[in-house]
Amino acid sequence: MFVDMPLDRLRQYRPERREPDGFDAFWAATLAETREHDLNAVFTEIETDLSLVRCFDVRYAGFGGHEIRGWLLVPATATGPLPCVVQYIGYNGGRGLPHDWLTWPVAGWAILVMDSRGQGGGWRTGDTPDPVGGTGPQVSGKLTQGVLSPGDYYYRRLYTDGVRAVEAARAHPLVDASRVVVSGGSQGGALAMAVSALVDDLMFAFIDVPFMSHIRHAAEITDEDPYGELGRFLKSHRHRVEEVFATLDHFDGVNFAARNTTPALFSVGLRDGVTPASTVFAAYNHYAGPKDIRVWAFNGHEGGESEQVAEHLRTARKLLEG
Amino acid sequence: MFVDMPLDRLRQYRPERREPDGFDAFWAATLAETREHDLNAVFTEIETDLSLVRCFDVRYAGFGGHEIRGWLLVPATATGPLPCVVQYIGYNGGRGLPHDWLTWPVAGWAILVMDSRGQGGGWRTGDTPDPVGGTGPQVSGKLTQGVLSPGDYYYRRLYTDGVRAVEAARAHPLVDASRVVVSGGSQGGALAMAVSALVDDLMFAFIDVPFMSHIRHAAEITDEDPYGELGRFLKSHRHRVEEVFATLDHFDGVNFAARNTTPALFSVGLRDGVTPASTVFAAYNHYAGPKDIRVWAFNGHEGGESEQVAEHLRTARKLLEG
Amino acid sequence: MFVDMPLDRLRQYRPERREPDGFDAFWAATLAETREHDLNAVFTEIETDLSLVRCFDVRYAGFGGHEIRGWLLVPATATGPLPCVVQYIGYNGGRGLPHDWLTWPVAGWAILVMDSRGQGGGWRTGDTPDPVGGTGPQVSGKLTQGVLSPGDYYYRRLYTDGVRAVEAARAHPLVDASRVVVSGGSQGGALAMAVSALVDDLMFAFIDVPFMSHIRHAAEITDEDPYGELGRFLKSHRHRVEEVFATLDHFDGVNFAARNTTPALFSVGLRDGVTPASTVFAAYNHYAGPKDIRVWAFNGHEGGESEQVAEHLRTARKLLEG
Amino acid sequence: MFVDMPLDRLRQYRPERREPDGFDAFWAATLAETREHDLNAVFTEIETDLSLVRCFDVRYAGFGGHEIRGWLLVPATATGPLPCVVQYIGYNGGRGLPHDWLTWPVAGWAILVMDSRGQGGGWRTGDTPDPVGGTGPQVSGKLTQGVLSPGDYYYRRLYTDGVRAVEAARAHPLVDASRVVVSGGSQGGALAMAVSALVDDLMFAFIDVPFMSHIRHAAEITDEDPYGELGRFLKSHRHRVEEVFATLDHFDGVNFAARNTTPALFSVGLRDGVTPASTVFAAYNHYAGPKDIRVWAFNGHEGGESEQVAEHLRTARKLLEG
Amino acid sequence: MFVDMPLDRLRQYRPERREPDGFDAFWAATLAETREHDLNAVFTEIETDLSLVRCFDVRYAGFGGHEIRGWLLVPATATGPLPCVVQYIGYNGGRGLPHDWLTWPVAGWAILVMDSRGQGGGWRTGDTPDPVGGTGPQVSGKLTQGVLSPGDYYYRRLYTDGVRAVEAARAHPLVDASRVVVSGGSQGGALAMAVSALVDDLMFAFIDVPFMSHIRHAAEITDEDPYGELGRFLKSHRHRVEEVFATLDHFDGVNFAARNTTPALFSVGLRDGVTPASTVFAAYNHYAGPKDIRVWAFNGHEGGESEQVAEHLRTARKLLEG
Amino acid sequence: MFVDMPLDRLRQYRPERREPDGFDAFWAATLAETREHDLNAVFTEIETDLSLVRCFDVRYAGFGGHEIRGWLLVPATATGPLPCVVQYIGYNGGRGLPHDWLTWPVAGWAILVMDSRGQGGGWRTGDTPDPVGGTGPQVSGKLTQGVLSPGDYYYRRLYTDGVRAVEAARAHPLVDASRVVVSGGSQGGALAMAVSALVDDLMFAFIDVPFMSHIRHAAEITDEDPYGELGRFLKSHRHRVEEVFATLDHFDGVNFAARNTTPALFSVGLRDGVTPASTVFAAYNHYAGPKDIRVWAFNGHEGGESEQVAEHLRTARKLLEG
């Protein structure tokens, strides 16, 4: 009924990683290519009914120079450089509305929320299309878009957008570039994992119930979406199993974990059917930086919810206190 | 597939109400009896990681003098009396944690969140037990607790707690007693409906996808919880149908609506299987005060979510602008 | 698909028990406190259309002196003291109607059916409210009512009512106090288990597919109700896992089993998703008295149904033949 | 969500019947042909653990002279001729075990339970095979067995067995042939309906939530089994719709109702998805004999359960009181 | 349980059409723009194990000049120009393998199967990517891709590819350009409908259980995919209802039907939850050409399956005999 | 979520077989008894719209001399003896229509499709009743029909019909008796397995996702139909577990596999919930003849579908090339 292993086995679970040759070169080239485009971060203040915060509509050039949208919120009284959370979003969601993002400003931080290109149609609206067209067969959803080649794969663009979101945050005068934290749950956790591996000098990473980790194992043990998209693709494209996983190895959280040195706090739900606990622990146990994990024994993919927010706030306070 | 009527019929749907003799007397007596207990509102400021707001743990005497818990949040910089939202909570939820309630303070308002006695075990934690024991048979849940007699019925206590929450808010020095608004969705909407009918001088009511409205009809057309609890009770207690609905008529939103004069904004989801649209329009069309309604054509019980919050904020701004 | 272990492993499955300090003292104090209230068993004969049996409405003082209801049925021709089955009821059910309980009288036995306080709203009606109010947060249902403290916990009252039901049966002139058997399935099995451990001189116990056994394991491997209520409670009350199970250890069938000396017949369904087979065998394998078990290989929680009744009747005949 | 019409429309619902030419002749010929076989009722007393009743294993010749099994139970003290209930069984069930049938003997009646040929594999065991083989295509289940011709159709045999069960009951010396009642729910209700139309001098009929009534309408509005078997058959045998319903008209309860003069008590569940309320009222409103109906407003196919048994017992008492 | 209206009402159901201004101009411009690209149809014969047919891999320039793939199969013995079926594919499917398409060649016809751009990941594989990137928010799937503007909408490209598939078929020497038939079910039916309206001189159209017909009504009465994609999009993009349907009106089968003069055979399943019967009859009743329809009373979206193929073959024979 | 073992364990999985005494004698006697009836194969050519093939309606005497139907299709141009596939059908299906069977003729082979007696009501129509009536209790479906005795069991008749289908194919002048291949999926795979063991001189067997293999294990690990029928039967017939499996051992694919020498190609879906992968590998690993297997890692019971057909065609070509 509940997938996966008991907690004591999970704590030991450190499966062999499948790391493709040229993993680092692939990402170095991808970022170099992206940085040939000017970042062009534009912050347009907008009016809201929220008197305690200031809110900016954000635009910057992500992968391929494509325009990525976001929100930046800061306490209305802020004058000097603030610590800033760069926030990534779960699968199918978008940046939504400014009042969806009040916790960090109320705690005295800036927050930059990155919209996910080509998503934002599901549970929260988005405003950023993905202008890149298809290059091969796929099932509905993002997980198999371009999956037959690392260069074409959707997550190459999304992870790169995530790196650029940090650069955009640092470009704002109210943000203290030396105190940037990345944060996200599920797909947002996958982004926080990848970005904190690809950007050297982040202050911290909150990686909650991360998606895109130990992917082949996930595809073999769960058919809940989004991993279920992989299963459906391979159900009809029966001869492409190896090809698909060869691409995915370039995007697997366990490979980013093994080279990540950013201090991090993870969380996991032992009854998570979407990103099963073994896939989270696979990344956690390979994680090379300082780390801790909150285990929610009777929770699914919702993880710690409001309690996890409390953990974030407590951790953030301690970070500032040094 | 989608219950209920097309929108044009819903806009006309104004079914006959079943109002018990002595409805007003019943509520007058209930409130009078409650007010024999001292309100005893106690506000204890607590420390949080939220620097832009101040937060108070609230205790006051609800129905029967029983202690009811809550949160009061105000902007950290507030000095004078603020307009205040009294917020009620949906079925099975509790007051949760302070950072769950930041929107109104960030908009410059105070918010008092009332915990729901005996709930708070479901999707958000609560801290207020209901010390009243059972008086007859019931199914799991609150909806049939004491349902064989209006005097014993759970919602007599909960609605009365809701009236007292307004009194508690008004008792705080930072709250402007002349500018109190009630608000809630689902069970919270039922509370906002009842309280705005029972308290004369409220400024406004936000009544979203209200529960406990046109109850007999609801029980006949949906078996989703919580109305499903009624169906299950009557499935085994086959001879008590009339007795049960005679009690429920004392708590039906359509009867409160018909005597309500508080200006109100409703919302409804046309695909709502929990509080079907016809039950919401039954209350809306009987509502005696100034009113408007937001219709979300492709939404279920989630209604307008973040968009509805935006409506609330816009409406609130206009209220203050006069 | 089918939870749990193969039969040969189940037969060996004897997990370590978690027995709280003061288990026996807790129950001794509970019973002593209850017995300060007079039992006050009242039997009122009622008219039915059932000419072969006599039927009595039963009332007696259970835990806290609260009035508990029941039925007593005896063969119409009975004159001398009869062997008697004290029957406990599954979760959410009540005592129903007298003609629901004809098997034992037709076999020549008396039967006393105990109503379950605060239940009887689900699949069979009941008539006994639980007058004790809430003391803390809970989810809908009985399983988490008062679960933060052994003294407040619902099953403290229910088990005690069960002990008193035996005392009530023995108080009737047509019942032979030396030949009382306890019986029940699911929650009824939990009661039969606890009562036969707490009452020394019972003749026999029928313990079918017992609930409340090896509870923590159950909560970890099934989310079907009623164990699912625990999972839901701990899903929101994330920090109370240990507190909850510390209470439950006082009510766990494996702890009663280890001190039980009443001869007993168990039954188990290998495909039972409600009270999984491993939780039943955990109790069976710890059971200290003479014992046997019927294993139904292709059955779920329904267990042996009519075939199990046949086993009861056969066993009962042999008991009397001695 | 809940199929069918509101109660006030149901009470008026009297759809046109589709009665095939030769309906009466078909059944007269069927019974005449059957009666060419000797009834050959054999009653073998068996030992049970049930001291208040005597139990007989019954065998008699049903349709085609095939051996049909059953149980006969009488009060152990019975000496003279008793009123007798002939009991028919719901779909997929069998006669089960003797202690499944104690209510009527405890009320002082005899009961003869007829096993359903070729069923008894589902929820209660049976012992009577149907020796007739297939004559055409069918889906799993009995409802389409032989459905392309009235002469081959399974229910021709089953209804005839039902008529013969009355004859068998009357053949036993402890049964008073002038006081025989037929009773059944669902498929048992279909049998009670057909038999009470085909046998002239029955005392009464209990027809609960009857199956096989207004069949074409049922097949069009529900896909729950057993009616769902028809839908599945016609889903693949697309060209045989008219042929199938032409057969079924010979077995439709509305046609038996229109010629039935036996006093009868019906019952119906307004939320019944198996035998929808409109199909029950179609038969009830066409019923030509004295009649009454119990309406269970919040029940499904389970109908009145124990409460309906109470209605049966009350009605039976009045029948005997005359 | 079963959506929609009884058959007699369906036969009359001819709802008002919502036809946008400039419908014809929009399609004329779209096709003109496409035809600026050379068709460039290339047929490459491939080896198979199918000795009775010859098989060609097809490539041609669809909308925007993008390469579209397909198969062409002809009887191995064919020498002169053959009548040809152009076959379109249901949602999420692709052209699959050559042996998936043998019926028409075995009947003596040529068949050209058009791959659906950007699909072919679901139940049958495809080989044609859609190189056009996103232009706005969307949910997973094709139905909302570009839905905020007719010019950007996915189905503008797909319908145009469908028109070009006819042109490609006519470009092959073994195909008789005067005897081309279009055919498809579900999305394939939507294509057959649109193409037969946009191409003047087709011989016939087989339009089975067509998708994309009476779309707004469909979105309001079913949430099964693919129409469910619309509901999900509008559930989060609450303010874009009118904008979305203004786009969809350009692609609605009822608008193509009203200007279609190609002789056609439709089919419909009365229990179809995917393309509900009322949406099919809306198109059928507006269809301006010679027409007939097969009604499958107990079928869902599978419609007539092999029986419908038999109808196609019969109709095709008569066309040739014609 | 996905039943069963990882692939590397499956490849080793060779469980002990339970072979009843007299297995070979049972089948020898069954076939001898059948062959006392004249085969009486009659081939009636029918007209179709399929000009490239000739089609014959087939009738022959199966088990008990009962008439079995089928189709024989050959290329229209065939003159000399052709290699022939004898095709068996999955559970609940029938022979359908001739155009359902074009692949093999288009590849140059004859195909004889055997109708399954008493089935053909489910997903594809059939025309062959099973004239043998019931001999004991059963649940709906074929799997428990006569299951209390090997001599009465349904599959004794069906397997024997399968042997006779080969004999019928060989009786046709266009078929080359030395080049007959058997083929089928699911129940068709069970037939291919049994027939290729019972007939010595077959050229090859295609055994896809075979049913009726390692039956007891299957019944213990899946409750999907058809194996679920066994579970339901044993759920009520609780005392007949050993009796049932003693019958089934006579029909278990693992026992046929161990004596099978026909070269064979298997296929298996690792996510198959209907015929779980371990039951397929049990047969494969016991298979005594030359063998290979296609493993579809992300497929369920649909297995390789069109890809598996391609494997069949490739294999067939090599067989003829020799």
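We just call them A, B, C, D, E and F in the order they show up, numbering each chain from 1.
Following the convention adopted for this analysis, contacts are C-beta pairs under 8 Å (C-beta built on N, C-alpha and C of every residue); 3 or more make two chains touch, one makes a residue touch a chain.
Protein names from UniProt, one per chain: A, B, C, D, E, F = Cephalosporin-C deacetylase.
Everything numeric in this text was worked out from a predicted model, so none of it was measured.
In summary, the chains found to touch both chain A and chain C are B, F. Of the chain pairs A-B, B-C or A-C, the one whose interface repeats that of D-E, sharing more than half of its contact pairs by residue number, is A-C. Because chain A and chain F share one sequence, their contact can be compared position by position; here under half of the interface residue numbers appear on both sides.
Rounded to a whole number, the gap between the C-alpha centres of chain B and chain F is 63 angstrom.
Averaged C-alpha coordinates give centres for chain C and chain F that are 51 Å from one another.
In chain F, the residues that touch at least two other chains are 124, 307.
Chain contact topology: the protein chains form a pattern that is neither a line, a ring, a star nor a complete graph. All chain pairs that touch, listed by label, are A-B, A-C, A-E, A-F, B-C, B-D, B-E, C-D, C-F, D-E, D-F, E-F. For chain B in complex with chain D, the touching residues are 3, 219-223, 231, 234-235, 238-239, 241, 273. Contacts from chain C toward chain F in the complex involve residues 1-2, 271, 296-300, 304, 307.
Every residue of chain C that touches chain D in the complex is listed here, in rising order: 48-53, 75, 96-97, 99-100, 102-103, 105-108, 124, 306-307, 309-310, 313-314, 316-317.
Chain D meets chain F in the complex at residues 92, 94, 117-127, 129-142, 144, 232-233, 236-237.
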